[in-house]
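Across the two complexes that follow, chain A remains constant while its partner is chain B and subsequently chain C.
Presenting the complex of A and B:
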């Protein structure tokens, strides 16, 4: 495990720099936005010019840009993201309240697209160039061309409006009083449509990657060796060809996490799921720039953490990763 | 000529090219066929499609001609998609070339910035940018490009790392050319082909991002967009689903056309390489 830990340490140092750049970038955006925290505060409470001066001074907004950046960093170091105007609460608390919903949505959608995509990819890649391979490749491309929010609306029309099988939106039945397993089942039925809308779009990515990796692996010598040993076709496909094509897909999981988070913004708005994405839209509607940038910072942290986990998983799966760093 | 023959060998490439050609015709013909204001009221509200042949796709909630809106929407989608992709490819190749050619600290800083842009979900970034600066066509293009330049930058950098060791670069150095001149006049043109190979994916993503932004009400309010049409139709989703479905189909066909044409280009390039 020391190999994986060493890798983790090196990645952590890189991540800190990346997050620092994200923070500086969001500070610049905050500065570029019209109005500041005091303006927003005065709008909601009212006050005269003297009070504005006093507040600007007290909140350190009359100081130089560098000092303000330092103050911003100092606050972030204490996990203080500032105050939301639209919610009149600490931004950190509002975000933490919404984050789990988005993580569940993202996680389920990723599981769906990865699971189904790689399975279909194995099916297509088992015989490259066959009819089913061509059909699945073109079909997945067509799916990849579908805007997620539109797929969501179409699913609503079919399954919620026409067939009435599933709820139109929301995360659970309001005031149903359900607890425990009944509540979990209720949330699950509410999640079926949003997870499908988000997951089906990215399915194509894993399918095509798996298929391409397998097409490549068929040409390798170990396939010939496996054939020469008289292994069954099924075993060659699963244990030799597909297995070798699987690793790049794991990397893709990490790279794709930022896209998934971005995609969930629109999906959450279509299905009225009270997650981080819907919060971002509420922040836009309420012109709450600090809240919006808080969401961006938190999603950057989420993406960094997911990528660290993926790197760790990769190191565990592939003994070659990080092995050469031992002597260095 | 042989290049075109190669391109039109697969049915996918032919389908993609036909869709794109049709789209360009539609976008160019929109102001000729539907002169006047596409947002003007043309008939009774919520007329279903295929009922009245002067309004073949019916009318929306306010009685506007859906077909005219669809044609004008094609203009916005294509313009934004192409402009954002061009900007992203340009910024990406310049930053990638600089990073790869300069190396050292410049490379390190530029690549960490690239990492940072890849860490922030590009759609959230676009959302924040448009909401802070204010929605207009140029801002939407910039917002999309802001999240799309990282891929081209990485490809360009990787390509530069192999090109900068070639003889003609060494030759340019001996001639006493300024490093920036070598980077942009000798190296960058040779990097472009592999960066341009990304263009179909980037154009497609840009069109989808624009649609999502205008669906959330962050598009240019003075222009018809397919995303905006879907959002409009959403309010009457139960009674008139076609208002959301029709522009969505247009979007799917457009993006699919871009993908298929892109695959055709890649495949024909591969076929030519294997021949030579």
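Presenting the complex of A and C:
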């Protein structure tokens, strides 16, 4: 347990610096983008010079960049994410409202791509070079090459418009008054299509990785030893070959979480899911710097936490990690 | 299926004529409106402020016009194109210094308090004049609002103000909000800005960010038997393709403001149970305009501007980019405006040879590579059509030896580049005509506007004659004389080309056949929908 704690502490200290760099970098990037929040706002309203000046003053945009950055960091020290100008609300509330949706979407999609991807990978990797291996590899690669929004639209046309099995978009039925299990079922129905669209794209990664790892493992001496001992094929595949190929996939899981967040921007728009990705897009379009920084910060924390969990999982899965701990 | 639609629409048009004499809205139509039901509508954006008295924009009206009412609404057949809402009548004094509104009796706010002239006075003086994006211009000379009794409001102006302008401004600029909720605290921070309270047929019920807005029936509404619907739900659908899919899947019943892309309309119109409606936006006309930076010496030359006008095939633009859902433009007032439009202006036929000759004459000969000079072209990103026209314009200019380089920006960057930094040579913009040239049209050519004002003359154009004409029209009280001045304005703009008007278009609704009383006024999508109903 102390090992886990030490790992945690080391990671946290490192993370604070990473986050600080991320925040300052994002702030400067967004400042470099032409136009500010007022410019983005008056696109839909118009207005005269006096009104524009009034808005810039109210939203604090008449201060210098440095002052605003300093103010933001100071507030952040007090765990205050600030006010969103696009929503006229506290950023913490806006983000907390959307975070669960994105986490559920990401989590389910990751589970789908990891679960199905690695299972199919085992199936393909059990006999590298066979027909089923080739078929699965090509099929998953084709899916990987498909743009996310297009896959989403195709799923909508087939399952929501033509067959009408599933809803077109949204996270739950509007003002349905459902509670408890009925509501959970409703949300689950709404998530089937977006989760599939997001999950199927990344399925190929896990499948290929599992398959490649297994193909590699087949050539190892311990497989030969297992065969020599007369173990059954099924046992060799699962306990010896697949288990050894599993480790890189867990690493991938951590890396993938960041990419998933990026992919959810598109999927959330197509399926009208009120998540963090869409919020980020709106924050950029609205030049809502503090909101975008808040989203980046929260996303960064999510990614750091996931990777931490992955590291801890590693220790459980691979006894060698524990063995070398003393010297590390 | 489509035959049924046509016959119903024919009946709508026919009965509209009959109704002209009664001025009663929508009772006894082709079909008796049914009571009840939830209308689900697609919404593509979520306005941050839902108070239409502060933000007079279509995005806000789309939702809040059902909750907060104006003094009058636009009408196809009412006197001066208006029909009464909170005001029953309006009369301007001959000296242009006052306008008297008689208000509707027995109207209640959604919280039960009575609506009186004090609310109108408060809204006008504390909100429209100092805070509203459009009201700050139109009501700039409003000095006081007298309230001799609860049902009379007399607007007093410090300088003579044309009654025609005030009248034309009523549908968009006169949203009345309750004084008793707004008189405490800062108006901009009032919670009612996000959960509006009004007198309208629907009450604000809830808003789930990123998901939907829900409005419920106002049982105490002043309109007899109205509203018919129990609920209106605006489902937020940021992706335009999914709006079409949601209509087909019967998850929503109406997509207004061209939420369904033009390219999908042909297919969608063939889907049984869906109808495509082009009516109901006559009062919300957008203009496709080439904005010109007159600081560029080549563009300061009238011959060059004429050459560009001749190089644009307006018919092609209407047919190919707008797929026919638009009209070619002749000048700064759209053809469908009933009061001001004149066709008697200089026009520019599509004539590439003439355009080339004009450029030669101006002294900009083709170089060895066939090019005369290069320009920076910034198409506004707000509409697909403005971007597509940018691509077309680039090709049209190439044909006359002008090398246009397209600069693509997102909305905020575009606004900054064109209206503050003036970092453009040509820009494609979609200004809105709001029923009177003085509201948002004359500022497109008027000089002396500070940097940073969007949708205004930021091209450095200066024409003393035109400025004098605009100033004169703004203080001319007689409606006929004022109208003539604006006709002269159109002629002068078309002759000197401070900007080039290419086309005029408006939006399109797609609805299920079950939605009744659609598009029965020129600002239907942003009107109160009290008479809209759903067949079961």
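Everything below uses one rule, namely that the second predicted complex is superposed on the first by the 279 of 328 C-alpha atoms of A that agree within 3 Å, B and C clash if a C-alpha of one lies under 4 Å from a C-alpha of the other, contacts with A are read in each partner's own complex, and residues count from 1 in each chain.
We take it that contacts are C-beta pairs under 8 Å (C-beta built on N, C-alpha and C of every residue); 3 or more make two chains touch, one makes a residue touch a chain.
Predicted model only: the values in this text are computed from it and were never measured.
Taking the superposition as given, does A:279 touch the first partner, chain B, the second, chain C, both, or neither?
second
Output check: A:86 vs chain B and chain C. Expected answer is one of first, second, both, neither. What do you get?
Touch partner of A:86: chain C, not chain B.
Counting only touches as set out at the top, which of chain B and chain C does A:170 meet: first, second, both, neither?
A:170 sits against chain C, while chain B stays out of touch.
In the overlaid three-chain picture, which partner chain does A:269 touch, first (chain B) or second (chain C), both, or neither?
Both partners.
Just to be sure I read the superposition right, which of the two partners does A:7 touch: chain B = first, chain C = second, or both, or neither?
Once the two structures are laid over each other on A, A:7 reaches no partner at all.
Name the contact category of A:157: first (chain B only), second (chain C only), both, or neither.
Both partners.
Quick one: is A:287 in contact with chain B, with chain C, with both, or with neither? Answer first, second, both or neither.
Both partners, chain B and chain C.
Taking the superposition on A as described, I'd like to know which of chain B and chain C A:261 touches: first, second, both or neither.
Touch status of A:261: first partner only.
In the superposed arrangement, which partner chain does A:304 touch: chain B (first), chain C (second), both, or neither?
The first partner, chain B, only.
Where on chain A do the contacts from chain B and from chain C line up?
33, 149, 153, 156-157, 161, 269, 287
Can you list the chain A residues touching chain B in their complex?
Interface residues on chain A, with respect to chain B: 14, 17-19, 21-22, 25, 29, 32-33, 138, 141-142, 144-150, 153-154, 156-157, 161, 255, 258-259, 261-263, 265-266, 269, 280-281, 283-284, 287, 289, 292-293, 295-296, 299-300, 303-304.
Any idea which chain C residues touch chain A in the complex?
Where chain C meets chain A, its residues are 40, 45, 47-49, 55-57, 59, 131, 133-134, 136-137, 188, 193-194, 206, 208-212, 214, 231, 233, 235-239, 241-242, 245-246, 248-249, 251, 382, 409-417, 420-421, 440, 449-450, 452-455.
Taking the touch rule as given, give the residues of chain A at its contact with chain C in the complex, in rising order.
That would be residues 33-37, 39-52, 58, 85-88, 94, 97-98, 149, 153, 156-157, 160-161, 164, 167-171, 174-175, 269-275, 278-279, 285-287 of chain A.
Give the list of chain B residues in touch with chain A in this complex.
12, 112-113, 115-116, 118-125, 127-129, 131-133, 204, 208, 211-212, 215-216, 218, 227, 230, 234, 237-238, 241, 244-245, 248, 251-253, 255-256, 259-260, 263
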